[in-house]
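When the chains are written out, they are named A, B, C and D in that same order, and each has its own residue count from 1.
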């Protein structure tokens, strides 16, 4: 295990201590619980946005708490859902009276715990709505989109919902925008190596050296094809085809692209991939409004990448272009 | 080799094509040479800043070309200096009549080629000055700072020089600020794994599984101690001690901290490290003005990290806090 | 005739904690085959905390004890089964709130609400290869035993057999929920890890009662 | 008596290109021991480009040919030795600009400027385990041969021997520059890769001349 950590079981809490120490001007925790991260700059009257999920995916999930994005995040152990009581603590801490929108990935534990937290919030008179990220094309057939897992494309949902809330949108408006973004986002991943949960001490799944798995999930969930590692262009084609067919994305559409590194794949390679994405989209007459490339949703030191497309309309484009700033992600106003 | 690339020898150019395609609103290339990256938003009359260096270190070097930072960057093959003619082409393209400052790391090939480029520029009447990054404490003894290599701390030099130039500083002023930042920056690294140059196809140096090398350079240059991987706190202590003693940093000082991932070390671990940095600095009564944590200077998929400290005064603090925005790095005004 | 008061609940949770501890590796192995392998860890931790909590509680209302134990499990074992077990105890407990003891009828009511809570929370039905496929037959067995006027201990013996048979049947099913569902057809032939926890739950209820 | 005109320069660069190609693996091996292992690749590529360029050039001024060849090497082989060789040819070429040929005196002047250019660019001196430690003895040998009135070919034979001896002596030195310097004392006992290129340079000059 090549990790710079102390005791494996202390990793998540020590990481949170480090994050809070480093960014005390922007982040705090609710109820003195490290695993309940909230913004230290709440905006009175704003619809509050909460997410949550297991650790090991930075900047997911807590990395998107900040100006123009989310207000709180409950943090689980590595690859484990946070508890409902933590989600509820975050909910109470961030609610400004305008209601709270939960945005989280479609994983059993998270879904159930957020449900439970919503019930608790309801009992205290806090209005809560939910939008569940389901962008991973590899994790479910067309027509059953609601069963799909949420992966890197949830960034788009956070971004537009965050901007809508910052602009004064109501809970219903923010929810509608988030739902639209989720409906119009599609992602496909490829993994080249496994990753190691610190407490386990060894990889919990296998990918042969020199192999790859198309469509593998960010916890090592089985993908749709295992095989020998191929050239970048061929990999991108294999990832893009199902994305483009699924929505479908068509000539004349305008999209935002996210090329996401899963952990140990360098940015050099992400741009080799984007080069192909660009060519394929151009050939199909799909316009590219903005490109994000880097690590947005990781699996610790997993090698691999994902490609996400978000189909834009004027509303989504406007919200995507608004500035945002967290300790992990910062964007100026786009198009200036 | 776990890389998402096409032909290894095409990697650098294809990466550049991807970068230019993705960020055509912010970046362009000079003389139709992909390896001469320049900002597409030049500021008339401003002192121009150029850097350059081998590929494989993204966001170094070209990732710092953008608003509030640098104006141009010549790009070499993986771990190789760019050619003097490329440096010169960048110089000509970015000069706004106010002169050009070269800021680059202290590596033989880079030093000689930038020297040569400066001579070429001189022959064309372009004023050029140089500041060479030498922040790596592990690469040379005290008293011979000028012999040290430049590593992640060069980010600080870019940042304050970029802000000074953006504020209208003269070539002499910008150079003086850059020199001050370099004089007051110190870095120490630790490597946990080697990395593979695509064309070589296998690691060009070794680190035993379960081992680490304190002070190793970003191309695998020998460090100051090899040993078994220890706990994060012990590693941080071993890195921080020589940094703190070198300048030295003292009680009452105020610093900016950069915890930099070398490639495959996840951000989770960088924050476990920062937690210890924070405690050590607090115990020594050294104040922390701002913390950067993430990938700022990498060695492709190398596992490991570096810690950089910059001793601040009012001038450096002001320039550090100014907003900046490139495709790879974005920062709002700090302290707002 | 046996009945379940606060005292029996302490014994029941002690038994559950012990059973989960003893079977930690077994549950880890089941969960490793089709999931993330944490089931033994989360269950032993969750039920240990619940047992400690129940032991420390000065309360005679068995409904409240059960519901509070459920909240403890949910917060100490945030994995899927932790949430489901937590939900089950909370809903089941609320269904029998206000009582000092449970006889067979009340226990049946408890398990019915427990099961409904899980199905609602998990958005699942019988036959989808989950913990439900152990608990639902157990509930049927309790109902049948009630109809026959059997004593509580014997009813729980039958419920345990029914749960174990239900677990066996999960081998023929294809997982529809949670991590096991990622394996699709590949989950066939294997027992559902959560259903094994369901069997242990009934076993613990029985074991906490004397004779 | 032999002298070096544009025609000889074509032969010299062809010889240099061939020598670097033949010794590619040898240079890679030397550089791998104390550096990044690219020296064979950069030198064969740089001198191949220079040879092609010189071949295509319609120029009789040997100084200009040499300087331009240097620019080609510098831009096609951007590693340290590429830059140093490029600098050497540029400075050396400029020193003999305006001539149609080089005799021994002019060649000595060329090599002197070549060496000075390298020392200036590399901020280095003899004895620091670099290419300089092959070229400096070669220059001395040329000077001595000039004093003795030896013909150009024989002078170059001696220069070659001196360079080879200089290379051998680099084994006793500790590297002060470039990647080999990272190894400090660990570089002792090994030949300097750049000095080996210096030897090949003299060899190529000699080989391009008939007899």
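Just so we're on the same page, a residue touches a chain if its C-beta (ideal position, glycine included) is under 8 Å from a C-beta of that chain, and two chains touch if they have at least 3 such contacts.
This is a predicted model, so every value here is computed, not measured.
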Joint neighbours of chain D and chain B, given as chain labels: none
Centroid spacing, where centroids are CA-atom means, of chain A and chain D in whole angstrom: 57
Whole-Å gap separating chain A and chain B, where each centre is the average of the chain's CA atoms: 28
Geometric centre distance via CA averages, chain C-chain A, whole Å: 34
Topology of the chain contact graph, where touching chains are joined (line, ring, star, complete, other): line
Touching residues on chain B, where the partner in the complex is chain D: 76-77, 79-86, 108-109, 112-113, 115-116, 139, 200, 204, 217, 219, 221-222
Sites on chain B touched by chain A in the complex: 1-7, 11-12, 14-19, 21-23, 25, 55-56, 58-59, 63, 190, 192-193, 209-210, 229, 231-233, 235, 257, 263-275, 278, 291, 293-295, 298, 300-301, 303-305, 323, 325, 327-328, 330-332, 335
Complex contact set, residues of chain D against chain B: 36-38, 71, 74-76, 78-80, 83-84, 86-87, 121-122, 177-179, 182-183, 186
